[in-house]
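Input: structures, listed below.
What follows is a pair of complexes built around subunit A, which joins subunit B in one and subunit C in the other.
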Partner chain A sequence: MNSYYAANLLVYAGVDIIALLALNLQFGVSGIVNFSFIVFQAVGAYAAAILSMPPDYAQGYDFQVYVGGYQLPFPIPWLGGAVAGGLLAIPVGLVVLRKLRSDYQAIALLVLSIITNEVITNARPFLNGAAGLALVPPPFSDVIDPNTETYQYFYVAMTAICVVLVFVVVNRIVNSPYGRSLRAMRERELAAMAIGKNPVQLKMTVFIVGGVIAGLSGAILVGFIQLWAPSVWLYPETIILFAAIIVGGRGNNVGAILGALLVPVGFEEVTRFIPSSFGPPGLIPALQWVAIGLLIIGFLWFRPEGVRPEPRHVFEGAPVREDLEDARAT
Partner chain B sequence: MDLYVAAFGFGLVGMSVIAIAAVGFTMQFGITNMINLAYGEVMISSAYVAYYVNKAGVTIWVGMIAGALFGAVFSFLLNRFVYAPFQRKGTSHIGMVIVSLAVSLMIANLLLPIVGYYSVSYQDTTGGLLRAGGIVLTTNQIAIIGVAVVLMLLIHGLLRYTRLGKAMRATAANPTLARNCGIPTQRVIDAVWLITGALCGLAGVVAAMNSDSFAISNGAGFLITALAAAVLGGAGQPYGAMIGAVIIGLVTELSAAAWAPEYKEVVAFGILVLVMVLRPQGLLAKRGALAAAG
Partner chain C sequence: MLAQPEVAVAANRPLLVADDIHRHFEGLHAVDGVSIDVPPGQITGLIGPNGAGKSTFLAVLAGTLPATGGTIVFDGVDITRQSAFRRARRGIVRTFQLPSEFARLTVLENLLVAAPDNRGDSLVGALLGKRYWIEDERRHTRVARELLARFGMSAKESDYAGNMSGGQKRLIEIMRALMLKPRLLLLDEPMSGVHPKIVLEIQRYLQDLRAEGLTILMVEHELHMVERLCDSVVVMAQGKVIGSGTMASLRRQREIVDAYLVG
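Here is the complex of A and B:
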């Protein structure tokens, strides 16, 4: 097997896992239906790109127009991407998460995703419009030649470190008392409020943490593929991620990883083996989207809890519902 | 100044298109409790049905009726075979939103291989120009305004003066109580999907007529403007949606004249955000987008 292909696959898998851990924290654990998730990834990618690129009048870059261009060394673009994701989450969260009913939150975020993409596409001087940014310098490209096999695996290793880091952080949040508050809010907001939890505060925190992680995933991706354009973050991309969460198991971090491997990665790989000459042009990608839709509807109908359902958090010795029902029956 | 007068004329047409779409959307939500995010895609499918009818050499006005019929049947089937079973299963509000988004994705991508990526437009004379004090509109655009006015009056009549309308309002207010009073809510809901589906189909054809050309990708834009008008007026409120359509239609066209036409939907979105921040319940509704008390 071609090592470039393998590295490519592994980096994509890593980025999807990071993104899905964040989305699982928001949607799976806390019940925030963040339909503009991909925007946070995109912001991270754009931030990382303009932090690492030279200014747009530099030689070789003057065919595109964009703001910034700071040529900063490695960890800064990735950190910048993460910070950008978190910063975007603050105003969005303040508008969307404070007063609105949960289904309106979902709609508002969906519309935000569509509109943001439209604005970036049309406002060319800002981030080069529809053509997007190209020739984003990969991290350490001045030290190691990015076009070598070593570099490819180096990138995979850096991605893997981030995956582990994010997994540990998200797992800590989910399994802590704080995670319990989040689940309580998801299950019954009013009851959570009654025991003194502030749902707006909880939601805002999760939204920002998720935004940070999403921004990081975008920064990692853009360093690897070296370009970023509005066409790679259209709103249906968020739906793929939701499909992955639903398939993997809502609220289960292992399920989120499984979902990443099954849906975004698995789908790309399976359809790679279908000859592209099959049917009229564009048929295969279109059918891929139809399959994503069917996957969501099928799972919600037949197995809404997903492949790896969320573990039930029960205290040892505490009476669970079945026991109580048994006791009542006898 | 002339520019703004002309833009006001286009605003009249724009609000007519949005009103038809938004009233259908808001009635679906208000009576069946279903936020149907596939609405924009049903609109665009109906526009394509009218396109093929029109291409066969029939006038676009017949195509419009075909589009409305298609929208009605399609929406009805969508509810019967997808939404209603999920609702019966007890899927949460959020689950329904995700289902409808998945449906929207599927419709768009099933349609794509059939109709292609390219923009198309109706082959029909746009009619002569009519001028009235700076406002210049084609006879087709005048006809669109006429269609919208007639439809709004019909909806008003339906909701106020017919048994079906009364049953609809009862179902919207409290479905369980309505059923206990002997209203066949199932049949009322079927009727709602047929009527709102027809409005959706008609709106799709009219919106396609009003833009120079259209493609599958326009579905999302159609949805956004309808949503903005519906939320502005107060979700589930047909009269609110009419008011919302008037405001959104005028503001978007005037902003297109003053600023840049490609940002029309951005302006609609700006209004949506303002409403959600300042008055989440919308202009008319008591609760609307506000979080339920319990």
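Here is the complex of A and C:
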């Protein structure tokens, strides 16, 4: 296996893990069916791109048109990507999460995902339309040559640091009393209100935190692949991420990581090796979608809790089974 | 025994005053101009035939259903326009007629989640880590375990609430409400589906709570229970109040007996 391929795989895995930790916080823990998740990754990627690229009249970049072009050094593009994801979550959350019932929220978010993609595709002067942005400078590319093996592993290391950071953040949220309030809201919103929880505030917060993390994942990805176009963030990408959460285990952060490795990384890598001469053209990609669909249905049918189910919280000093049997005996 | 509370009513300002409350569902007048005063430190019963609007009225008081008309004043503050979670934070806590446990939370977690002052129950608190909030958590865990012990559910604390029986779910809900340290407890048929032994335990506990000064308004169908437990009783039928007073005085009123007590 060549090292470029390995680095590529590892960065994708890291990006998918980060994204899925965010989606797990929103969907698995809090019950928000965010069918526009990929848009938040995309906005982070676009933000990071225009923060790190030179203006579109600069030499070598004048074949594309886009707003901004600030040529800012690392880590500003990554931070900017994260901020952009969070900022987008505010208006979207305010419109979608306040009044609508949760099933309608899901529909509204799905439609939003489609509309956003169409608008970016067709409004060329904004972010270069369907062709997308190319030649996005990777972080530190003025210091280190990005085409070396060293740089590839350097990028893997930076991604890994972000994975650890995001894992710590979401773990602290999920395993805290705050995370418990989120799960209570997911289970029964009306009863959560009756014990003093403000569901709109809880949902908005989680939506924004998830947006920040999704934006960061986009920024990391665009720095590595150096291009970003509407075709890479079509709404079905969100479905793949949902499949990963369902396979990995809703509400379990380790499950989200497992889901990332099994579905977007593992599944797509395995099907890559099927010879493309097999069957009529376009058969393999189409079958991939069929397989993703079957995967979701299969898990929901046979193992709805996923590979790693949500952990049951047992508290310090809880009676264990032996104690109970002793108590019964005496 | 029954005369004492009436003296207390005269002496104290009502904790909650509901004035001309209406709740209409597209032409159906579920609650049609109900006015009641809930005196502090007493258990007030709310009885009436099925469909009388008792549960709807309770939901309107708790804010889980908005009123279509009328005003609600709690402890001198107009809360008519306040949302349910704000009313809960003020101390008006309701339980539901149907089980409303958080199924995928353990029994203990169902109680802990209701505890109001936990430093870890905010985004920032959570991010600061376990050391920042563990003391609050331990304190609440002690209180919750005392409640669990009292209602004989200690052994179940680590089980998912969704796997409990109907009666146990009802207990979980009452305990959860108590974790909030309410000032006004609205109970919607708290005893239905509960084992008679536990019913006695709930009864004793409610009486203790009253002795500590908690005000309770409860919907209940079991009239013997109402007679034993409630200081005063409000009778509703077809969305209206048709009578109020002590159970003994109500039994003497012909039309109420006709409407509900026997029919």
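The rule is short, and it goes like this: the second predicted complex is superposed on the first by the 313 of 330 C-alpha atoms of A that agree within 3 Å, B and C clash if a C-alpha of one lies under 4 Å from a C-alpha of the other, contacts with A are read in each partner's own complex, and residues count from 1 in each chain.
Assume contacts are C-beta pairs under 8 Å (C-beta built on N, C-alpha and C of every residue); 3 or more make two chains touch, one makes a residue touch a chain.
Since the structure is predicted, the reported quantities are computational estimates derived from the model, not experimental observations.
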| request: In the overlay, answer first, second, both or neither for which of subunit B and subunit C A:W301 touches. | output: first
| query | First (subunit B), second (subunit C), both or neither: which does A:T205 touch? | reply | second
| task | Determine, under the contact definition given at the top, whether A:Y178 touches first (subunit B), second (subunit C), both, or neither. | result | second
| said: Once chain A of both complexes is superposed, is A:V33 in touch with subunit B (first), subunit C (second), both, or neither? | reply: first
| Touched partner set for A:K197, first subunit B, second subunit C, both or neither | second
| task | Give one of first, second, both or neither to describe whether A:G293 is in contact with subunit B, with subunit C, with both, or with none. | result | first
| request: Considering only the touch criterion stated at the top, classify A:V314 as touching first (subunit B), second (subunit C), both, or neither. | output: second
| task | Check the residue A:V111 against both partner chains and state whether it touches subunit B (first), subunit C (second), both, or neither. | result | first
| said: Show me the subunit A residues, by the header's touch rule, that subunit B contacts in one structure and subunit C contacts in the other. | reply: 190
| note | As the complex stands, subunit A meets subunit C at residues 169, 172-173, 175-181, 183-184, 186-188, 190-199, 205, 209, 251, 310, 312-319, 324, 327
| Interfacial residue positions of subunit C with respect to subunit A in the complex | 62, 64, 83-85, 88-89, 93-94, 96, 100-106, 108-110, 112-114, 116, 118, 120-123, 125-127, 129-130, 133, 136-137, 141, 154-155, 157-158, 160, 176-177, 179-180
| request: Spell out the part of subunit A that touches subunit B in their complex, as residue ranges. | output: 31, 33, 35, 95-96, 99-104, 106-108, 110-112, 114-115, 118-119, 122, 189-190, 235-236, 239, 242-243, 246, 279-280, 282-283, 286-287, 289-290, 292-294, 296-297, 300-301, 304
| field | subunit A partner contacts - residues on subunit B that touch it in the complex | value | 35, 37, 82, 85-86, 89, 91, 93-99, 101-103, 105-106, 108-110, 112-113, 117, 220-221, 224, 227-228, 231, 235, 260, 262-263, 265-266, 269, 272-273, 276-277, 280, 289-292, 294
